[in-house]
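So, here come the structures, one by one.
Paired with subunit B in one complex and with subunit C in the other, subunit A is shared by the two complexes that follow.
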Partner chain A sequence: MTADVFRQALDLITRVRGVRGAMLVSGDDGLVVAEQLMEGIKGTAVAALTASLAGRLRRAMDAAGVGSSVFWHLQAEQGALLVVPGIGEGGLLVVAVAEPDVNIGLVRLELLRAAEAVG
Partner chain B sequence: MTARAVEGWTLQPLTDFVREASVRLVLLMTPAGQVLAQFGFSRALDVMSAAALGAAIMASTGELARQLRQAPFAALNHQGQRHGIFLSSLATERGAVVVLAVYDLDVSSLGLVQLFFEQMAEELRAASPKQVSKQVLAEDFERELSESLNTLFGR
Partner chain C sequence: MADDVRALSAELAQDPQSLVFLRLGEALRRKGQLDAALRVAVNGLERHPHLADAHDLYARLLADKHEYERAFDEWDMAVRIAPNHIGALKGLAFLYFKVGDVAQAEAHLEAARRYEPDDPTIAQALVMVRGGARPPSPTTAPALEPVATAAAPAAPAPTAGVLDESQVFAGLEGALEGLVLLDAAGMVLGGALRSPAGADVTDAVAAYLAGVSQEAARTVKLLGLGVWVGLSAEGQHGNVHVAQPTKDALLLVVRDRGVPLGRLAILAQRATATARRWLERQR
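The block that comes next holds the complex of A and B.
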């Protein structure tokens, strides 16, 4: 896997209007693997906390017996966090930070395409 | 399990770090291995061993960096099957403080530990006293060590 593949995967997401940044995050460590973020977004903090949340959600999904999560959308007052968890425990997380009025369906589609490209 | 400190100014930053980063064991110490605060240890012997080993690792990596003509390494992380060990240091008015943290991989991560270590470092810098504590003389060493251990284990 090359840095070029990561950049192309992130380009898919950041070209959607309303997306403020995208990251590939190591699910195991919560470390940033690649990022394209607008100024003001604390990438390392988002990565660490998103990976932590991913681990807890995975356990919740297991406990509920509903299988692995495929996509999450966390809507906040001033934006949204959208994530496609990688395949398997500790896989790469594909993360987007977006404006509140972003086209969620389009971002979801591009996140899934990016996950496929880097998976 | 509660955090305990020989030097009170370290207690709140340590408590916050433990809560936020979900770490299992933490030691704050001087580069010489003198323990300032601890969380999670139940035996004095373990604290003293971990402090001595942590200080020795910091000294070794510091010397390695010096020989490579580089600035000292910012942090060292060792990951095993179930646990991770994070070792780093920070500068305060009180002097350098070495932090040794052990975390479970299923409840925390290197990213979380690094993130909240930075926060703890800021809190410690803000809380540290301006003056360095007095040097421990050889004749007082055993008494001071005994007092520190009593404080660290709430005796």
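The block that comes next holds the complex of A and C.
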């Protein structure tokens, strides 16, 4: 997988209005694979926590019988974290950080496209 | 009555845009022909989506069919469109009373009384609510107005101090299969979850969710996004929403994929409010 493919995948996401940054994170170890984040965002820490949260959610959803997560988003007062987990336990997580008024549906679509491109 | 229905049907057929569907829907409802009434109401709503009376009619039919959550949505919508809609205010009061939220029931009846001070049914319902009278299931008397039915004792009304954990989400759709309330350590406080196959998965799911709250809080703090308010996830076979009714509690709503994430968030909001009130009463 070339750096160009990663960059193009992240470009798909960051061009959506209201997206402050995007990352590709290894689901296995929570390390950043590629990132395009606004200055001031601690990518490595966010990646680690995102991977951990993704793991918990995956196990909880499996236990609930609703299957693996194909998209999730964490809403906060001043923004949101949106994630498309890659296929399999340690798949690549495609992550976006967005403003509170972002079009979630649009970001979801681009995250899915990006996941397909890097998957 | 049959003549009414025939005449009203003919009138509606002649002018499908007419508001006569409201009378036809109500006439069918009074005859107990709920499915036919629902079709009339839904068709009417499609043509008049901003008509509070149409939402009120649909809500009463849903209440008749015990679909209280959807009925709540419709009455809520009616009140958003017309804040002084007496039928919707009474309907909401009925549903709040049904889940044991006497304060909200009373507040909605008081609001109705401000708009219709001379309506004796409102005064009567207020007396009943304040006296702790038990509301019946609306289906026992489908032709009656929701608040009027509150006069006939039937279903138990939860009261402070006697609620048990099975009652946390009483009255909410999926209370015993798709809603669960946990404490910070992942202990189940109320509700239950069942897998699509029908197995009780409450404890397993709760164990995995313990710690989600702290991780979500740390993540949004790192991102400078303030406080987290919800976590929605779309699964292959179902959707889930996690919310935080209080600092020490976590709420999980699970539904099949037919319930989109946006609607799930609304359901979660309602369940969160219910859980919060229940937690307050436990203190």
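Criterion: the second predicted complex is superposed on the first by the 119 of 119 C-alpha atoms of A that agree within 3 Å, B and C clash if a C-alpha of one lies under 4 Å from a C-alpha of the other, contacts with A are read in each partner's own complex, and residues count from 1 in each chain.
Operating definition for what follows: contacts are C-beta pairs under 8 Å (C-beta built on N, C-alpha and C of every residue); 3 or more make two chains touch, one makes a residue touch a chain.
Note that the coordinates shown come from a computational prediction; the quantities given were computed from them, not determined experimentally.
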Fit or clash between subunit C and subunit B when superposed on subunit A: fit
Vertex subunit A angle, Cα centres of subunit C and subunit B, expressed to the nearest 10 degrees: 110
Subunit A residues touched - subunit C or subunit B, whichever exceeds: C
Partner chain in contact with A:Q78 - subunit B first, subunit C second, else both or neither: second
Partner chain(s) touched by A:V102 [first = subunit B, second = subunit C, both, neither]: neither
Partner chain in contact with A:L49 - subunit B first, subunit C second, else both or neither: both
Touched partner set for A:D28, first subunit B, second subunit C, both or neither: first
Contacts of A:S68 with subunit B and subunit C, given as first, second, both or neither: second
Lowest C-alpha to C-alpha distance for subunit C against subunit B (Å): 9
Residues of subunit A contacting subunit B in one complex and subunit C in the other: 45, 49, 52
Sites on subunit A touched by subunit C in the complex: 40-42, 45-46, 49-50, 52-53, 56-57, 59-61, 63-81, 97
Subunit A partner contacts - residues on subunit B that touch it in the complex: 105-106, 108-112, 114-115
List of subunit C residues in touch with subunit A within their complex: 193, 195-197, 199, 201, 204-205, 207-209, 211-212, 215-216, 218-220, 222-240, 252, 254, 256
Complex contact set, residues of subunit A against subunit B: 25-26, 28-31, 44-45, 47-49, 51-52, 55
